[in-house]
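So, here's a batch of structures to check.
Two complexes are shown next, each including chain A; its partner changes from chain B in the first to chain C in the second.
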Partner chain A sequence: MRQRTRKAFLGILFLSPALVMVSIFFLYPLFKVVMMSFQKWQVLGASEFIGLENYKEALSDNEFWKSLWNTTIYAAIVTPMIFLPAIFLATALKKTSKKTKFFRTVFFLPYAISFVAASYMWKWIYNDMYGLLNYALISMNLISQPINWLGGTWSARVMVSIMVAWKTLGFSMIIIIAGLQGISPAIYEAARIDGAKKWQEFRFITLPLLRPTIILALIISIAGSFKAFDHFYIMTQGGPLKTTQTIVMYINKIAFDYYNLGLGAAISVIFLGILLFISYMQLKAGGFSNE
Partner chain B sequence: MPRKLIITLLLSIFLLSSLAISTTLVIWDQRPQTETIVKMFNEKMKNEGKDIRAKLEIIPYDQMVPKFMAALSARRAPDLYALDIIQYPYFISIGAFEDITEWAKDLPFFDELPQGMMKLGMKDGRIYALPFQIDLSVLLWNKGMFKEAGLDPEQPPQTWYELVEMGKKLTVDKDGDGVIDQWGFNLAGGGAGAYMFWFMPFIWGNDGNMFDDEGNVVLDSFEAEQALTFWRDLIHKYKIAPLSSVQYGSGDRYNAFVSGRLAMFLGGNFNITSLRKDAPDLDFGVAPIPKNRGEFATFGGGTLLGITSQCNDVEAAKEYMKFAYSEEAMVNAYAPNLMLLPRPSLYNNKYYNEIPQMERFAEILGYAVTPFSLKYNEIYDPVLYYFESVFLGKMEPAEAIKKCTEEIKNLMSK
Partner chain C sequence: MSKTVLIILIIASFLFLLAIYWTIFTSFKPPQEVLTYPPRFITTNPTLMQYEKLFTASDGIFLRYIGNTFLLCGLSIALVLVQSIFGGYSLSKLSFKGSNVIFLIILSIIMVPYQSLLIPLYDLLNKMGLLDTIPGLALIYSTFYMPFCLFMMKNYFSSLPVALRESALIDGASELKILLKVHLPLALPAVATTVVYVFLQTWNDFILSLIFTSSSDVRNVQVGIMNFATSRFTQDWGLINAGATFSIIPSILIFLLLQKYYVQGMTSGTTKG
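Let's look at the complex of A and B:
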């Protein structure tokens, strides 16, 4: 018994640095945001408690729903654009050799660039007056007039997603490779002896055993997509006509352009609820609920 | 006994040294060049035997409001803040800045500060901040392209009519493949901030306005509608600007101008230093934005300098402020980078005089207008939506101006 208490104490001791950091930089701000969301927050002077007013205002604002919709569409576009190539690349590069190491590095490299730098770079590539993409397409006679890639709602969504996929698929690829390497070769061997074909191996062994890894990578990726800010802020400024304004851009605008911190906090709390719900559903779908 | 003595001695030295510098002013500013002023000020205070020192903290542009809000809430605001001019009316209204009216009016250079920008630092006739660093919207033109097009390279367009006529000659498909290689003009798009900075001078230059002197919304006018129509026509009728420029940020336009694909460029004084570095062979001029039926106008942007209401030593802060506006401080800190000074009498300095493009800025500063609104940031939303709708050719100017005015009025009455 005493041994156990000591062990528990040691465990807490080792966890405490992380706990302290999480409390200071996550739990306390979270608590503060929730408090603010019930207040008419004043920068100077006493703030007034107004109950659910901020929540009512947020939910009745059309722009909130539009931004949420824009973000959802974006997440729906970008997720398969990251995952399909990531799974493909991971399967191709799962064996460790000099060559695969080289290609893994190549695909992972863009992940090390900041979103801000990548956004500026791709904005330049997409530009219709001096951009690389239009130049290449015109030179190859594929188009006759330069295309304003970021000018249309759908093309802007797709083109920004391409940039994001280019930048982040390396990360998903590495996670999936780690998952693939965790699957025992003995299982494949047994399947082969039973006469399984390649695609059957993939369908009945790889995919089911990879499920926890894929769910983890999906949660990271979808939560990340919902939090999209920098790339749209830089590449489209939410345009054309606010159709690519994401929910975080909207929160930023309400809180820091309109100085309405209480309302901004309320929207953040709603948004947190949405993210938690999505992650929960994903965990459930991944069969994590009974573990 | 000797131990006690040593301890007492050490303690008293410690106390004295902490007393010696009784005031440390914390200054927030976006521009690192202000460090020069701070250093000069500290040197001066040391020489004069005064126990005041200043310390600069650079605040990135994107963070200027969030950081200030957080600091004010936590009662840790800086002593002085060179905050973006358009943010002032709101922060003055909540009492974030100190009233400096009498002191400011006695300053020897007070009368030369740009009056159009002064308004933003005032409330009910009282003064809370003074114009400090200036950003003006101007037209830059590529002289080489003017020559190639058979135009006088020293004569930029002064009127809308000339802008169109010259723009047509400057919009060229050089290799005859049906793709325009060089555009005469670009709209300044990519956000409401850009519309305010570069499009509003077109409304003012047509004798229109967004707010009158009492702060009433007067956007719904023939003059404003005509300016909107003019910008739309630059793309859709005269075809001297690409449709994509509706969404161009200033970086996109700048790149187009530097890479020789754009002849006339809506920019600012802040482009001059980088242009001379990025394109040393590019011969360009600077002119006021073309006008129509009104007078020349430019958006007076930049910062005001104010003493915050959480400043612990207002007298020391005034001492710093007075020094920051002195010829010595301003010319040495800002003029080498061609940053614009709020005092026209200082424009005749050795740094500006070396650069021909700086020649007209003292004059252009006189045209500076800054719209005053407590809800300036909120009007961005309707401005962006309706103006962009017109420029993209999706809404008629008359309808857009009417709806935009309605929405702004709604916002103001909330």
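Let's look at the complex of A and C:
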């Protein structure tokens, strides 16, 4: 018995650094953001409880809905741009050899680069006067005039998404490769004996067995898209006319430019709810819920 | 691998590397060759002028940013290692009543984006007097980068046999000794993954440094690049590309060196369960 209490004591002791940090910098702020969202929060002086006023203000605010819409559209554009190539590359590179290892490293490499550096690298490529992209397209006679890629709403969304796909698809590829390597080769052999064609193998074996892996990679990727901040902040500053302002940019503006902390807290809570809902739906779709 | 696939892969990797190459190449061009149309693909006189400007502008503030970021990385890595090594060991070998609930709470941090907690975190750091300080920022980094590492460390310790601890106990070793001398040396791959992961996250962070710091003694390299890019009326692309190039060297180096561990840790974290 004494042995057991000693073990439990040590268990708590060893866990305490993480516990202390989590309590102070996660649980307390989580509690606090909910509290603040019901308050008219004053930087100086007493804060008063105002019920759902902040939420009403957020939901009747056009800019809130616009930012949410911009973020959703961006997620809808960038997700297929990441996953279609990632699935293709993963299938092509699933066997391990010197050659595939080289390609994997090349496609995974941009993942190590920061969003800030990547944003400037691509902003330079997209530059309307001296950029590589306009030059390439003009010399191939695909366009006649240089285009201001980040100046239009839709082209800005697509061009930022291309940068993000370049930077992050290697990560999805690596996860999918790990999933592919987990599928037993015996299943493919059996299918081949039954005369299955390559696309049938992909459609009826690879895709269904890979579903949990793809869902997991999707959750990480879509949650990441909803958290987008750095690249829009740098490449478009939310423009033109706030059409690429994301929800996190909006929270940042309300809270740290306008100092409306109560409203900012309410939007943060809504944002958190949306992200948890997305993860929950995808976990359910992946069949993880009964585990 | 069929010929067509191989050709697609070669073209794709060429385009992938082109973006990186173009930035590095631009940073070595003399200023008068940066803004030219058509763009020049060869330069007859490569130069370090852009880097000289980068390191001497505003009394060498860029080196300050780099130093700050290394300091932030070191602190965050140390804090995450302490939390995840001891925490992971506790959860796998010293589990007690309620430890599962604690594990779930820690894992839930992965689901809750810190972007939704910026306001209370700002308020908290302000009250603790840690706003605009390196330790303050490192404390926040380490809390939010820790759960994945602790999860990985727990998995790693769980894969080691129970007998390892028991026989050491019989030999009269203390728990601390069993962890540090017996288990930790076997968990070095997980430690390596933690180091790469936390380094990359911290080095590449932008939003937390942007919001929680304001003085150049504390700001990190990413915010530093933005300051360089926006402080002048016209964007100095030679300088920006030099800053970008210099800032990606550490991340790419550590990534290439420890890629094996990083991929192992990432995939064991995401495909298990």
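In this section, the second predicted complex is superposed on the first by the 267 of 291 C-alpha atoms of A that agree within 3 Å, B and C clash if a C-alpha of one lies under 4 Å from a C-alpha of the other, contacts with A are read in each partner's own complex, and residues count from 1 in each chain.
The rule is short, and it goes like this: a contact is a pair of C-beta atoms (placed from the backbone, for glycine too) under 8 Å apart; a residue touches a chain by one contact, two chains touch by 3 or more.
Quantities reported herein were computed from a predicted structural model and do not represent experimental measurements.
Superimposing the complexes on chain A yields a three-chain arrangement in which chain B and chain C clash. Judged by the touch definition given at the top, the superposed model places A:Tyr258 against chain B, while chain C stays out of reach. By the touch criterion defined above, A:Ala58 lies against neither chain B nor chain C after alignment on the C-alpha atoms of chain A.
For chain A, the partner that touches more of its residues is C, with chain B and chain C as the two candidates. Touch criterion met: A:Gly151 reaches chain B, while chain C stays clear of it.
By the touch criterion stated above, A:Leu241 is placed in contact with chain B alone, chain C being left untouched. Within the superposed three-chain model, A:Ile87 lies out of touch with both chain B and chain C [touch as defined at top]. Of the two partner chains, both chain B and chain C are touched by A:Asn127.
When the two structures are aligned on the shared chain, A:Trp166 is found in touch with chain C, with no touch to chain B.
Residue overlap on chain A between the chain B contacts of one complex and the chain C contacts of the other covers 120, 124, 127, 129-130, 255-256, 261. Across the complex, chain B is touched by residues 42-45, 120, 123-124, 127-130, 138, 144-146, 148, 150-151, 236-237, 239-242, 253, 255-259, 261 of chain A. The touching residues of chain B, when paired with chain A in their complex, are 65-66, 69, 72-73, 90, 94-96, 177-179, 183, 190-191, 242-244, 246-247, 249, 251-252, 255-256, 259, 261-262, 309, 375, 377-378, 380-381, 384-385, 388-389, 392, 394. On chain C, the positions that touch chain A within their shared complex are 1, 5, 8-9, 12-13, 16-20, 22-23, 26, 34-39, 79, 82-84, 86-87, 89-91, 94-97, 99, 102, 105-106, 109, 111-113, 115-124, 139-140, 142-144, 146, 150, 175, 179, 200, 203-207, 211, 222-223, 225-226, 229, 237, 240-241, 243-244, 247-248, 251-252, 254-256, 259, 263, 266-267, 270-271, 273.
Of all residues in chain A, only 7-8, 10-15, 17-19, 21-22, 24-30, 32-33, 36, 85, 89, 92-93, 99-100, 103, 105-117, 120-122, 124-125, 127, 129-132, 135, 139, 166, 171, 174-175, 177-179, 182, 213, 216-217, 220, 223, 226-227, 229-230, 233-234, 248, 251-252, 255-256, 261, 264-265, 268-269, 271-272, 275-276, 279, 291 touch chain C in the complex they form.
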